[in-house]
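Both complexes shown next keep chain A, but they swap its partner, so chain B is in the first and chain C is in the second.
Moving on to the complex of A and B:
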């Protein structure tokens, strides 16, 4: 009972739990860009189309959610100064999601909303529940409950709300659960996921990690609480306005609230950047800082949509809005943060036991930084060109953009698997 | 599975099996001191089974018999690395009282301080022809090995079960030259420790909240001169620190004794 390990308050999550998520996310990104490449014409049509839905869900679930799940299994114990409650629940969560996501995506692609889609949706919800339970039990067992963990946990609650609504929307195709069709609820479902899950989670984790990577002493808990409240109140007001079918102009209330939250977050990050100790910022962190800037883009687009059209029906702008979120903001942060987390997890796996014997490599040497840089360049080119293609409704421009995005995914996969298979 | 022999370190056993601690304590009541986390830290990483059995006055086989049921695979063929003990060496009897520097570390141990760095500090003040007498509750085998390599004559006088006086006699001024460092790239923890033992700056960051451990270590190494090394006690391997060290041209060795108990040695190469 005095063995240090057994009752030590801090425990690293086993890499075995975390790595499958990373590999899965990388492959999902590749699949999404291949789908994009093969279906560029979908981006000249209405956003509620089978192929667009398939691509969006590959991006949102397979790419964004899976990597956050993986990274947070590793980071959450660090944030709460405790340990992950159960590796088994983490494996279970991976298993359900890994099987459920292809089911759902295939069903969307074929637009078959019966058994396959329903199975996929149920499995994804089970995955989220396992994850939610695991985080809850981890928090309950730890002494330190800080703002970052509260951000993250709230985000997971929103994720569950999102996937549960998604499940109901799937069923709504075959049996009439709601009085309206599933398209009607699309923006509710999407924003629960985008604001509640991704934005809140990325802010919660980012407000801890970005200052840490910049080696900054800046701290401002009060400001973080403001951000937390603004985002959540904004989202709740959105739900309220949506469900009571109020005037479109009222949507400015949530946009302004969330917008202020985002600006405050930007200020928070800027201040910690200004007070950093490390003067040279590396490429991975630069990419993540770019992501902070990129959050503003969809908000501006959204404001334009409402200002110009007083309606949410301009197809190109809505497509652009979704694209800048999933391929812009979320993808940039992942492209950067992957190489700020994964090499260290692998380093720990391969070298921690032999770091006393002799010289060990710098974790940064586990991936090719040249490919990382190339990755960033092809990504930015692809993102801008594809975005232009959406605005112009030009299949040619979309095709060119999608090739760059596909190359980005290939390079990213190369580097990720180079790290995953690293041997001493 | 888990192969052990007479030279296996106690820390390895404790890490490999949660019941190993109780099994070892059941061999001899003397090992009760392993219950104390500090003593465990001081001893377990530096003491092999054969050293431990010598301290307790039992046999290496006693360890094997207790550990076998826990699933350890026993390699009884590897012989312990024996250090020859000189019986009542002449250097002790020839010393006068003024040539012996007493250092009683029992209180330090009882109050929870690792006396290693303090002892090493004392060692520095020992002149040629003088001896340091460390008064301790057990035979400090790891320290003995360390200083023997530095050219000291050592004799441990076991007075009773919990009183051991160990003499470290410095023969001549040049006895330290033997352990001058070679190129550090391939040297392991022990060699690096040898090299910097007189020049350690210690810092314990276990109780600091993130990101304070990183900031503390970085500010410590900013102050570090070339001939000194920073000895860090940490809860975990600080992976994010490693690129920072590389950027600042520092090298490091890491010793993970158990989960939640990690030591780092940071130095300039």
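Moving on to the complex of A and C:
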């Protein structure tokens, strides 16, 4: 017996909401690699330097966060099985972030922590608040409150915690809010963002989308709840150890908890892959699967850093840790998932009215697969060479690596804008 | 999964057209994917109701698939009043994929 649904077709989030985020993120990646190319010597010095901070925030906010915000406005309805509450809030979120990020990055680059930095940080917080409100109202109106949506919403709460602390740290440069300097809180700010925002969000979305793209029979909500708990308890224990100024060795507790969470997530993805119906896996999904492997690299580096901190301060390893997160794990998943989402959004816009009665191109034909492949190759070469350059503290090796990463960004932008400007 | 119908002859014509409606992400047509549950033909009113689902509710490609289904049916039955009734109970699952669909996905 069938249960009838509404006769009218379902309404998805408008492409007009999503596309600006994709374009902005692509340009931010290009800007970040140009900054990287022009400032490779910054990666032979202490990580708390103006240029490193500028590059890190371009990658974390302009690249990683903007593309996740864009894609999630489209994908969140799939996860909660309900409509996005407001397109207006989404536009507002884009506007605040798009203006705030260049303010903040410029301020870091010039190391002017007064008006420009404060304005940028306030605008970014407003963007996150709009996004948070939109997601909260969307969940409140939806019928399904599943684990994937809980992952995503918790991630946004952590994002707000991160940006709010970031705002306070900016203010702390000119007005003493905290008893310690802003540098002291850097690792807290960074890990709230890396673990709370990026890791939880990518796991929440990935655990829903990767099995869906693979048409996998595998389901394991219990394991996802375990992963969710391990990551959150790990992060909360990190905050507690940090704020209580406990022994450095105790940081192994959050590392082990988050590490187990990541391994379980890897097992979840592997089982989804093993039990898939769709045998042929495209390059975009392969790239996303690679990112699941790459997330282990920074965790290992972090464990080494804590072991070594008892004896010496290893700046190269800290730089490598940050690099493998932003240019490794996060970049890999974006390089893959962009071409698994964006072509479909554009295809929907251009061809939905004529599909079914005439020949239409496959969404994959909206971008150059050759350039996509070349993009993957230049990225992997650049990532490995630049990583080696950090370990060796060699400007020459860093320069070579940065050229490959710059080429990657150019190729990526070519394909993204080829899709964005596609016409029938 | 067989598509339920009250008119086998017209149903065959409809299915020929619907075999051209693809899920753009998977590349498989909606019939073999098991998205079409029932096609009901009314001789008196000329109404044709396609009862179908999507692989997931709020699928980003959902509007496009529904639109393509309507267009395809309209092309097959120019005089018909086409309605697409989108339902999510029973929800779609992999067992609804036809044998041809399985071959397409596994080769």
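Heads up, the rule we're going with is that the second predicted complex is superposed on the first by the 409 of 424 C-alpha atoms of A that agree within 3 Å, B and C clash if a C-alpha of one lies under 4 Å from a C-alpha of the other, contacts with A are read in each partner's own complex, and residues count from 1 in each chain.
Note that a residue touches a chain if its C-beta (ideal position, glycine included) is under 8 Å from a C-beta of that chain, and two chains touch if they have at least 3 such contacts.
None of these values were measured; they are calculated from a predicted model.
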item: First (chain B), second (chain C), both or neither touched by A:370; value: neither
item: Contacts of A:222 with chain B and chain C, given as first, second, both or neither; value: neither
item: Touching partner for A:423 - first (chain B), second (chain C), both, neither; value: neither
item: Touched partner set for A:74, first chain B, second chain C, both or neither; value: second
item: Chain B versus chain C as contact partner of A:352, first or second or both or neither; value: both
item: Chain B versus chain C as contact partner of A:211, first or second or both or neither; value: first
item: Touching partner for A:247 - first (chain B), second (chain C), both, neither; value: neither
item: Shared chain A surface residues [contacts with chain B and with chain C]; value: 2-6, 9-12, 78, 81, 212-213, 215, 217, 277-278, 280, 344, 347-348, 352-353, 355-357, 362-363
item: Of all residues in chain B, those that touch chain A in their complex; value: 14-15, 18, 21, 34-35, 37, 40, 185-189, 209-211, 214-215, 218, 235-237, 239-240, 242-244, 246-247, 251-261
item: Residues of chain A touching chain C in the complex; value: 2-7, 9-12, 74-75, 77-78, 80-83, 212-213, 215, 217, 277-280, 341, 344-345, 347-348, 351-357, 362-363
item: Partner chain A, residues of chain C touching it in the complex; value: 17, 20-22, 24-27, 37-38, 51, 54-64, 66-72, 74-75, 83-90, 94, 97, 102, 105-107
item: Of all residues in chain A, those that touch chain B in their complex; value: 2-6, 8-12, 78, 81, 208, 211-213, 215, 217, 277-278, 280, 344, 347-348, 352-353, 355-360, 362-364
